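In the two assemblies presented below, chain A is common to both, partnered first by chain B and then by chain C.
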Partner chain A sequence: MKVLAIRVAIVVALLGAWEIVGRTANPLLYVPPSAAVPALGRLLARDSYPDLAEHLLLTLREILVAYALAIVAGLGCGFALGFNRLVGRAYGPILAALYAVPAVVWYPSLMLFFGLDAASKIAFGFLLGFFPITLAVLAGIRQVSPQMLVVARAFGADGLTAFRKVTLPAMLFTLVGGLRTGLALTVIGVIVGEILGSKSGMGSLINHAYGLFRTADYIALVVVTLVLIVGSDALASAVEHRAQRWTD
Partner chain B sequence: MDRLTPRVRVVQVLSVTALLLAWEGVARAGWVDPLFVPAPSAVLRAFGRIGGAALAGLGDTLLKTAIAYVLAVVIGVGGGILLGSVRPLRQAVNPFVIALYGMPKILVLPWIVLFLGFGATPAVVYATIHGVFPILVLVTGAVRDVDRTLVTVARAFGARRWQLYWKVVLPAIVPTVLAGMRLGVVFCLLGVLVVEMFAGVRGMGYVLSSLANGFRAPELFAATALVSAASIVIVLSLDVLNDRLSQWRGEPR
Partner chain C sequence: MSELIVVEGVSKRYVTSSGPVDALRDISLSVGGGEFCTLIGPSGCGKSTLLGMLGGLVTADAGRVVVDSRPVERPDPRRVATVFQDPGLFPWRTTLENVEFGLELQGVPAARRRQVATDLLGPLGLRDFAAKYPRELSGGMRQRVAIGRALAIDTPIVLMDEPFGALDEQTRVLMGEWLLDIWRRMRKTVVFVTHSLHEALALSTRVVVMTARPGRIKSVLELPMPYPRAMESSELVALRAKLWSDIRDESLRAMGEPHP
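On to the complex of A and B.
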């Protein structure tokens, strides 16, 4: 209770300080809350950006397509690498080395290849989401105890049954964690892609507001985008908890 | 090293070679547009053309990354020790730290650029913000979870506060600090590259995006390969350092 009060006090103090500094220094640059809140109202009333809904939907669509592709490719790649020892030992380190490269270096090539439209954002979101999913599958497979598999086989379970009854439950928690990280990174990938160069989507609106020095609108757009991000993560977190309950 | 190892190497070398040869073949046969997918041999020749400029850009980027990295490590480790050892402070502030860690920093990048303009400063600031959070979060957790018995015993033997930190807390958190530093360096490099792409006038991110805008695919691929190689080398050398240090600490590997 006391902790909560302190947290609220911190937020209030920060907002108050921001308001004071913003007003005295440069309201256009600092955008005090008293300027940001009306801007958010105007944005939600379709006043400042009437086509907000279309851009938001486009960003959502890009995220969904990229995530679906990342799941399919990540699971496929992960299981292919995880179930074959030679393949896994050969390509695992290559994958890990590629994961050490800051992903944004690939983005200019993707933009050149896929153009300024949705395809390059989908490709970048896919790329970011693909790695954690693949690595989670690999880590999950390593967690499955070989003895359990032997026992299952000894009791006459065929390959598919053993996978369904032993492997999947044992790795589920790690797998779901990877899927959640994958979603978060896909969302970031799409938004980074849009901000670095696009004609539509939330990132393009943010860039538009920033370019015209409409800082209050920029803050409002960031808030809306944050709601999208936090919402998607809350959804993933709920799924993760369900999976956790199921394995317990 | 078991009997699989040589076969693993063979598979690795063979598949990379096969991939490059297939790519070269496809490009030469004209199945892909060389404007977008240049052959590996063309990329190799492009290295010569961009060599000097790309190396200068890479140097610029790595310098900014190094400054941001030092700042991120100092702030992250210092802040982590503070948050980890002062319980009320941690309880009040930690949710905000976690929230900021999860938030895509790219959203505040336009604002940072408005404040700090174009050039090295926004890149260093943004990369520091990018790199500091994983380190801060990891170190806070590690300091919080230092074995209470060790602290109690040290206290019982009359250790002063600085001795407690120097002899008990610091050695206990070294592995976490190293893990955080390994994560942080990629985050810092990523941050610098993003700023250079967004609002750069120099550096590798700027080189990459201007090559893409100019549709110079061979040069773009060569430059991408150069940055990738540089970051792989940096991360692998941190890994080697990490291994050395944990051997020196006498940990089982």
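On to the complex of A and C.
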């Protein structure tokens, strides 16, 4: 209850400060909340951007495809490297080094390879989501205590059974954490990709409004995008909590 | 007495980064049904390796290991159950679910295995802890869960590799008394590895003393006295002295050796 009160106070204070700054500054660049709220209304009423739904759906579709690819490739790569000691030792450090490179440096080449449409956004979202998932699988496999695997073997488990009954549950929490980070980064990748160069999707609308100094519309679009991001993370967080309750 | 476990001329050599290590050399031993046979000896004498061979987790370089008239090639959870020093409980499973683990692997239906595990909780002293997770249990309780997991699959043979090694002295003595009670009621054949003279003398029908590396059998002590044993009786005090002198020699030898 107290936490909630403090949270509300912070939001109110921030909005208040924003309102004051927005009213006194250049109205072309700074828009107070009192002007942003009507803009959000116009956006949702399909007044300012009548094709909002199509753009939103396209962004969602790009995120879903990129995330699905990141999961498949991340799990595949992670398990291949994690269960094969030689390959893991050869490629593990390279992977970690690549993860440290700011991913945005790859984006121009992705646009060259995949064009300006959805494919390059999917590729960028995939690239960002792939690494944390792979690294989480690797970390998860390292976490499984060898003693638990010895116990499973002593009680008659073959390789597959030991994987199902021991390895997977033992690494589940780390794995789900990686999947959550992967989703957040995939979403970021797709939207950043759209902002950097695209004719459709939420990022392109943001870019459009911002480029035309339609600052109130721009803020309204950002709010809608934020809801999308926060919503997907809330979903992932709920899954993570379930996994946490189930595991240690 | 029918020989349930027969070990003949078994040797094992490990290859380590600092060269080969002879863990066991030419061990022969047999254990009859219903025995409580204890292996005792200095650290690194290959006791755990020998136990691993009986359980099918370690293969011998030479010689043969026969359990229940079949050569051991791999773990056989219908004949042999193992309890390890590190209990290796599954942290995402409750006490009951941990005890059920072996039955689950054998494909026993859920209702049946739940019944077996629940019936075991009483003798394990864990009735009030069925729904607890390992992190909520004390060290002694965790080890009882591991013993319950081994008893649940109801094998004629139970191997125990220093099951109480990580417990404090008081808990250890009480756990020994508890185990003795369980063993006498369930009529299992137990092969038990320990460092504790007290445990060996209080629990065993036979004590096998092993030499420092390479592990060989130094002496065998038969203990026909009834249970519970009066540890202060002149007979046991004399046996303790004999056992200690055998183990002392080997432990000194083991200490003189550089560690691999």
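We adopt the following convention: the second predicted complex is superposed on the first by the 240 of 248 C-alpha atoms of A that agree within 3 Å, B and C clash if a C-alpha of one lies under 4 Å from a C-alpha of the other, contacts with A are read in each partner's own complex, and residues count from 1 in each chain.
The criterion applied here is as follows: a contact is a pair of C-beta atoms (placed from the backbone, for glycine too) under 8 Å apart; a residue touches a chain by one contact, two chains touch by 3 or more.
What you see is a predicted model; the values in this text were computed from it and never measured.
Of the two partner chains, chain C is the only one touched by A:147; chain B is not. With both structures placed on the common chain, the touch criterion links A:155 to chain C but leaves chain B unconnected. The larger set of touched chain A residues comes from B, when the choice is between chain B and chain C. In the superposition on chain A, A:192 makes contact with chain B only, while chain C stays out of contact range. In the superposition on chain A, A:25 contacts neither chain B nor chain C. Within the superposed three-chain model, A:166 lies in touch with chain C and out of touch with chain B [touch as defined at top]. Contacts from chain A toward chain C in the complex involve residues 145, 147-148, 150-157, 161, 165-166, 169-170, 172, 246-248.
Interface residues of chain C facing chain A in the complex, by the touch rule stated above, are 55-57, 75-77, 81-82, 84, 86, 88, 90-92, 101-102, 104-106, 133, 135, 149, 153. The residues of chain B lying in touch with chain A in their complex are 4, 7-8, 11-12, 15-16, 36-37, 88, 91-93, 95-96, 102-104, 106-111, 113-115, 186, 189-190, 193-194, 197-198, 204-205, 208-209, 211-212, 215, 217, 220-221, 224, 227-228, 231-232, 235-236. Taken in their complex, chain A has these residues touching chain B: 3, 6-7, 10, 29, 85-87, 89-91, 93-94, 97-98, 100-109, 111-113, 184, 187-188, 191-192, 195-197, 206-207, 210, 213, 215, 218, 222, 225-226, 229, 233.
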